[in-house]
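The first chain written gets the first letter, and so on, giving A, B and C; residue counts start at 1 in each chain.
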Amino acid sequence: MTESAENTNSAIFDIHDMTVAYDRRPVLWNIDLTLRNPGLVAIVGPNGAGKSTMIRAAMGLVPMVSGAVRAWGAPISSQLTRIGYVPQRGSVDWDFPISVFETVLMGTYGSLGWFRRPGGVQRDLTMQCLERVGMQDFAQRQIGQLSGGQQQRVFLARALAQQAELYFMDEPMAGVDAATERVVFKLLQSLSDEGRTIVVVHHDLRTVSEYFDEVVLLNVRIVTSGPVATTFTPANLQATYGGRLSILDTMADAVQKQVETE
Amino acid sequence: MLITQTQIVLTGTLLLGIAAGMVGTFAVLRRRALAGDVVAHAALPGLCLAFLAFQSRSIIVLLSGALLSGLLGAVTVSMLKRFTRLRDDAVQGIVLSVFYGGGIALTRSIQNTHRNDSGADLESFIVGQAATMLKGDVQQIAVVVAVTVIIVVMLFKELKLLSFDEQFCQVQGWSATGLDVLLMLLTAVIVVVGLPAVGVVLTAALLIIPPAAARFWSDRLSRMMMIACVIGGISGVTGTLLSARYDGLPTGPLIVLTSTAIFVLSWVLAPHRGLLWKSREVTDLESFLPWVESDAAEPPAPTTSGSPGSAQEIS
Amino acid sequence: MVQTYSENAVLPGRGVPIPFDGLTTQLAEMLELPATDVQNAFWTMAVGALCAVCCSLSGCFLVLRRISLLGDALSHSVLAGTAGVYLVTGRVDPVPMLLGAMAAGMVTAVMTQFVHKAAQLPEDSSIGIVFTSLFAFGVVVVSQAKHVHLDLDCVLFGDLAFAGVNLHPVFGWLVPESFRSLVPTLMITLLLLAVFWKELRLTSFDPTLAVTLGFSATVMHYLLTTVVAIVTVSAMEVVGLLVVALLIVPAAIARLLTDRLSTMLVLSCLIGISCTTIGYLLALRWNSSAAGLTAVVAGAELLIAIVVSPRNGLLGRLIRTARLRVRICAEDVLAGLFRRQERSDAPDGLVQASVSECYALAGGGIMSMAALRWLLSRQLLQQAGSVMSLSETGLRYARSMVRSHRLWEAYLKENFNLPPDHLHDPAEDMEHFIGPGVQQQITEDLSQSAEDPHGRAIPDVKTQEVS
């Protein structure tokens, strides 16, 4: 037991027995996931498999029914400053009166703490991050005036400005043009080369083996996870995409109904 | 004497307009515009109860009662949303009308039992009566406004983050709930301070209209907020002056109508987002300069991107 | 009580008959109250009820379509309509003013959408801008019209208390004045319901589906808005701005109580009537505003509905959760006893445990005491002195529980990528929700169902039934 505890402590990121329910109906079952090595990790699974829910629950944005999430051996809520996040593009109001520069600058707020204003250091960092995603020329634009791919790059730049060691990205490649996709992958690669860990909710199966080190196959529960070479196999994909487990659906109904009509 | 009284009222409405514009900016951007309306209506019973309990017309006593029941209304809204399957709009309507009904009932019975004009006094809170503001009232308003401004300036960074991207605010370790409560508190305070001047029914307008007008003029939050303050201040002053000039016209509605006029003017005249600018853009650029089409290589994203915070799909 | 108002009342028996005259007189004799008072009260309640029915019927659709605040906005802007007509004509005529108020209602609905779309503002802000502006306009005009009867107080507070006092002859009967607008309003509302029942139901529950099926949700939206505007205008004479309470609260209560549209409509009407009636009676008692108290009563009824509503009520939920927890504790005892029996190799039904051991198996606390009583009352456990043992049925129940547990562990092992030491806890949670049907499903799904991942035999419930 002590040995396994030590293993967990040395892990970068560890989810233990996480179950998430919406309206008392479980949508993620007993998730157990440990990441030990830095690198690029893809979360892959069909629509409605709970991919976004998993990372959102891990970051405390969605309440868990049970389970614990730790990063570097400590509860994740105490490690948030070391973790970066790229939400789905649709999660904010793009008509908000804010410029690209200001949006990216928000990535530095976490390290600033209460009351302190961003200064020259933060501004320089923001410009560097914008340059890394190739958006420096758009710094003064209002964010609503950008294309979808550009908006995605702004979100990435904001995450870069967080200077985190562990990143969670929710479908950063959804609905972007080919140019942006290349920029994003190059960026992810360089982050990975710097020794960071990037967990990406991904929907494009064709690019998984090309870019990612590890893969998590998810369909309301973790089907399997591990290095892409050994895990990303047709058999495992069949198990992930070959329909939902009807027993889990029945059970989800049973749980919800029991609580409602006991 | 008349001049000093006007000056007192002017100072009061000016300060009120500025503070409301400031807090209202966040309310409008966070789509909580009508929360102010709910708080204002919910404040009425507290006002009456404070009067009944302390038999006092001191503005600070009445407004404390109002603030408490206004906040109770806000809490009720969030409780109802959490524990029932009623939707946001129904919950707001329910709290607003039930509290207001309670306030009306109390006002009536106060009027019927206290044969003096205290009932009428309380009634003045329903549509507001800025003209009767006293020097002490304005001093108190000034303190409240000063505190509000200081808090907003100190926490501008945090409030901006919360308003733009609540989730990102949370994952960076800020307490989104705490900031939300603070914002609600500031809104309630401003609404309640505005009650004597503008009244229960119209205070919400002070929070909504100036920021909405300011949005036409700027794409930056800080500038938008300053413009909202200016518009709020101008509305307060102009409404008061008009009311003083044409005797018998109530101040509150005039302040609101002034800000509405500024809103309409902004909508028509403002650069980029204004109607005139847009119509010029359409005629000039598209029909006369066909090459601007090339700019469409990167078309602007659709502005409707789903309301943030609304129940998103599960995946 | 109502004596103060009764001097103004039209006295009965001047040739024009009053409906239910005999009834109210009888009632007055029974209660030993002045006949006119009872009559006034009767008619006031009738007006209130009529008002409530009109409001509730249209309010249901506001609540279902999530546009409740439009009702609020309409009630405010109606003042601007009447004021506008007064400004133009300089006179106070009911018919033009009614039309003006309706027009204002329509303007509100259209302007709200227009400001929202054309000015790119959030919808709540655009509602706020439109109705406060219109209301402010109305207040300014009304404040200048003091010499005519255009009463701001009436708009702000309503005067239900006087509604039964002014009786006017209509078609040879003396009825309250407000009937002249409320009865046609009710007819219009019912007509809308009758003609567009199917469409209204469809567009209220699923606007997107409605559009794909060819019904224009927009047309229905404006049709509904028009009717709500009419309802608001005629009800405002009686309850003032608090028409919002009658529009939304009874409908919301009914929504909490049922999922069927027809039931919801009927319920909301009944609730609405009870609100106005009780509100009026309380107003008489406390000498206060009837409209205000109507809203308060509505709020109180909502609170009651939230607590005791059979399906979604807080009380019901609390009881259900408690029952579930008792059952879970009880099942834990059964499963614990069964495991003990497995280990002891004793013949079926012979394993015994002390009361305190059973109590510990249930997890301790009040729930465990309830759980033991639950087990004894169902004769799943037998008690002899301080010794408990499984009964025949208890044994079967327990076997099934352990079977569920181990099946789930096996299922997790095969389908979930979980380490062996992570299997027990989820199974401990889920075993209580696995019925015979799911057991069967899992058995069919598993490659083998003889042993669980820890190498223990999965007890079979069927072996006994086969023999």
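Quick note on the criterion: a residue touches a chain if its C-beta (ideal position, glycine included) is under 8 Å from a C-beta of that chain, and two chains touch if they have at least 3 such contacts.
Every value quoted in this text rests on a predicted model; they were computed, and no experiment measured them.
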{"item": "By count of C-beta pairs in contact, the leading pair of chains", "value": "B-C"}
{"item": "Identity of the chain that, by mean CA position, is farthest from chain B", "value": "A"}
{"item": "Euclidean distance of C-alpha centroids - chain A vs chain C, Å", "value": "39"}
{"item": "Centre distance in Å when chain B and chain C are each reduced to the mean of their C-alpha atoms", "value": "30"}
{"item": "Separation of mean Cα positions, chain B and chain A [Å, integer]", "value": "37"}
{"item": "Residues within chain A bordering two or more other chains", "value": "95"}
{"item": "Shared interface positions of chain B, touching two or more other chains", "value": "215, 303, 307"}
{"item": "Residues of chain C touching at least two other chains", "value": "120"}
{"item": "Of chain B, residues touching chain C in the complex", "value": "28, 31-34, 37, 80, 83-90, 92-94, 96-109, 112-113, 123, 126-127, 201-202, 204-205, 207-209, 212, 215-216, 248-250, 252-254, 256-257, 260, 263, 267, 273, 275, 303, 307"}
{"item": "In the complex with chain B, residue positions of chain A that touch it", "value": "22, 27, 47-53, 56, 59-61, 77, 80-81, 83, 85, 87-99, 102-103, 106, 109-110, 112, 114-115, 117-118, 142, 144-148, 150-151, 158, 162"}
{"item": "Chain B - residues contacting chain A, complex", "value": "29, 154-155, 157-158, 160-161, 163-165, 167-168, 170-174, 215, 218-221, 223-224, 298-301, 303, 305-308, 312, 314-315"}
{"item": "Chain C-touching residues of chain A, taken from the complex the two chains share", "value": "4, 16-17, 19, 29-30, 32, 66, 95, 221-225, 245-247, 250-251, 254-255, 258-262"}
{"item": "Footprint of chain A on chain C - complex, ascending", "value": "120, 311, 320-321, 323-324, 327, 411-412, 415-419, 421-422, 425-426, 429-430, 432-435, 437-438, 441-442, 445"}
